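Both complexes below contain chain A, partnered by chain B and then by chain C.
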Partner chain A sequence: MRIAWLVIRKDLAAELRSPQAMVSMLFFGFLLLVILNVAVPAGARVAPETGAGILWVAVTFAAVLGLARTFDREKQNRCLEGLLLSPLSPEALFGAKMAVNCIFMGISQVAILPIFFILYGDGFLHAPVMLALVLLLANTGFSATGTLFAAITAGANRNEALLPMLFFPLVMPLIAMAVKVTSMIFAGAGPAEYGSWLQVMAAFALIFTGLGFLFTGRIIRD
Partner chain B sequence: MKPLPRNPEPILTLCTALLLAAALYAVFLHAPAERVMGLVQKIFYFHLSCALAAFLSFTTACAAGVAYLVSRNLKWDILGAAAVEIGLVFTTLVLATGMLWGRPVWNAWWTWDPRLTTSLILWFIFASYFILRSAVEQRQRRATYCAVMAIVGFVDVPIVFLSARLWRSIHPVVIKADSINMAPAMVTALLASLAAFTALWVLLLQRRVRTLALAERILTMEHRLDREPALSTERK
Partner chain C sequence: MAAADHLEIAGLCKDYEGCRALCNVSLRLEQGDFLALLGPNGAGKSTLLRIIATLVLPDRGSVRVRGADLAEDPERFRRRLGFISHHGLFYDHMSAQENLVFSAALYGVADPPARAEELLRRVGLHHQRHRRAATFSRGMRQRLSIARALVNDPDLLLLDEPFTGLDRQAASLLGEQLLLLKERQRTIIMVTHDMERGLAMASRVGILARGRLVFLEQRQRIDPATFGELYHAATSGGRVS
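Let's look at the complex of A and B:
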């Protein structure tokens, strides 16, 4: 547990020194918010469903950029072997990397969300706590699935292009649910209406975290 | 070197051919034409049979994935790859026959019904299995990654279905595909078709496993030849 915390601190410190992942995530997220504006008819008010869709496309595509870099630093100078030689279990490494990805996604969303409300209208701004909960559940699911597949693509050729192709089909249900709940929140619905969705999202996050812990040893050792 | 898997049983091939012929007879001559949909309904027998074959494939792939991770025996990897290949073909057929049926009956090639959405995402997941397969060179590593992919993909399917159904429970579904009452002759035709496709599935899987095992053998032989300089120069 303590040693996993050391890996988290190491990654955060490295990111603070040269914020490669963060910069690309934020820049791409903003860029997508602007690009997706073409889907909105000029002068028309954005429907809650459209708004939620735009927000989640920006958030997920930005997240993939961060996920793709999960093991980048460990591949330089054979750091991964070093980590495996240390008394760190692969499971702890997975947990640490997942936590780091989750933190990066959270930070990028803290920056992307205000821009979204500025560009697409603050009329959507209902129940920020519930919106944060949706983001948290989605981030957990994304980072679990993403870290698992980042470990896989780190061992494959042309891994930059590979991760999105493996990642998106699997998280499609999570994205669909997140968009649905977000559009309901944007439309001003109460928690009773989307409670069951949040449960399924939590179940997804839990299942994939479990699968990640289960398989990560095999993947990293090979 | 391990002995080759045995030659595909000619008996199995013959049985499959006979069963397919029987299924064709049952579907087109024995079963009556549906009153409202007419001939188009005949596609349903093949549609459901393909879906069964696809389901068998992905279950096999998941089981083979677990078996590989436990035993580290590459024969499970070959079985998994063969199963996913065949499953992908049958899922494509499920989607294609579904669209052909949907156009005249639902008046749309495609609707975002839970079943349809789930099959499409399933198709994507297992298509990405092959992208992953082609991207990893090292043999053991590829087998591990693919086993994980097959298991994770299989686990994902019920979640996809659940989320798609939740989605539709808010927007009610107008068309229910499963509330069709069938005449006894239709049930016979359906069973015949299911049996025929299951046999076809077994046959295809066996052939595919054999081909992949042979390809594996050739690779091993080539490696050996490369290691012996005299032989490899002679070859060139």
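Let's look at the complex of A and C:
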């Protein structure tokens, strides 16, 4: 845990010093919200399903920009090798990188959500705590899957192109569930109606977190 | 395995997509041995180092350190391992001091800032400690790389062509540090093309050719005058006795 925390702190400090991942995530997220807003007729009310879709398009496409940069700084001077030569276990490395991705996605969502409600109406703001829970579960699933695939593509030259091709087909069920639950929350449904979806999202996040811890070591070393 | 053995490599094999990189490599090193590993390009020298460093998994064979199989507790072994390669293994966006403090903390060094300070003085970078590594000259980067490899006071130091591309100052600094480690009974494996330097520094000399260890001898039993011929015979033919 101590070593994993060192890596998390290093990555957060690097991002604070030169916020490359955050800037691109936020810019892309805002841009998508604005472009999609142009398609909505002036004064028209967006349906909950459409609103949820728009929100998750912005959130997931912004997230993938951050995920693609997971091992970017580790590629300079073969720093990843430096980490692998240290007593840091592959599991701790995966945990640290997943945590950093989760934090970056959380921050981008905190910034994207108010813009979403400004552009598409605060009529969707029914159950903020449940919405936060959906975002947290999706973040955990995205960051576990994204970190695992970022490790797989870390050695590739064009990993920013390769990562979305591997990542999106796999997280599609998670995105679909997130859209479904969010649209129900936007429509004013109660937790009893979408509770089972939340359980499936949690299971998805748990399975991919487990797979990441199991396979990252082997993937990175070979 | 004798009590004094530090490292025992037995029957190591590694293939890369059907291409044999290492074939049945076995050797034993005692604490304080300095092995210079020579061989032509593609002989498997770097693969051997990377397997010992736990960066690459072997297909067959084992590496034992002080009797313990490396595969069983690699994190514990890496705590006392140093590795110097052509790549710096440090972060360009961090200062020299931040890089060393981070590395020292990773290795669980008791007082990382003090250790970083000590190493920065040793490699002559103390006055530049707050500068980002990205702004360093080639020579300064090489010194930082040496300091980084020594941050955990390694028991076993692996060097992959460490003198390649070094300026004279950095080469002499590295030479000094290696001799210091040799005096302190640290075990060192140095992969090099530089036969002269290898013979001058090492206590044992090995030759790898086509993935096989075809020669391994104590340095004092080698005649430098005829070693060139021996090397040629070993790398073009079979095992040399």
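Details
Going forward, the second predicted complex is superposed on the first by the 217 of 222 C-alpha atoms of A that agree within 3 Å, B and C clash if a C-alpha of one lies under 4 Å from a C-alpha of the other, contacts with A are read in each partner's own complex, and residues count from 1 in each chain.
The rule is simple: contacts are C-beta pairs under 8 Å (C-beta built on N, C-alpha and C of every residue); 3 or more make two chains touch, one makes a residue touch a chain.
Quick caveat: nothing in here was measured; it's all calculated off a predicted structure.
Once chain A of one complex is fitted onto chain A of the other, the partner contacts of A:86 are limited to chain C, with no touch recorded for chain B. Of the two partner chains placed by superposition, A:37 touches none, neither chain B nor chain C.
In the superposition on chain A, contact of A:162 is made with chain B only, not with chain C.
Between chain B and chain C, more residues of chain A are touched by B. Taken together, the two complexes place residues 222 of chain A in contact with chain B and also with chain C.
Put simply, chain C touches chain A in their complex at residues 53-57, 75-76, 78-79, 81, 83, 85, 87-94, 102-103, 105-108, 148.
Residues of chain B touching chain A in their complex: 69, 121, 124-125, 127-128, 131-132, 135-138, 140-141, 144-145, 148-149, 151-153, 155-156, 159-160, 162-164, 166-167. Residue ranges of chain A in contact with chain B, taken from their complex: 148, 152-153, 155-159, 162, 165-166, 168-170, 172-174, 176-177, 180, 196-197, 200, 203-204, 207-208, 211, 215, 218-219, 222. Interface residues of chain A, counted against chain C in their complex, comprise 3, 6, 10, 14, 17-18, 73, 76-79, 81-89, 221-222.
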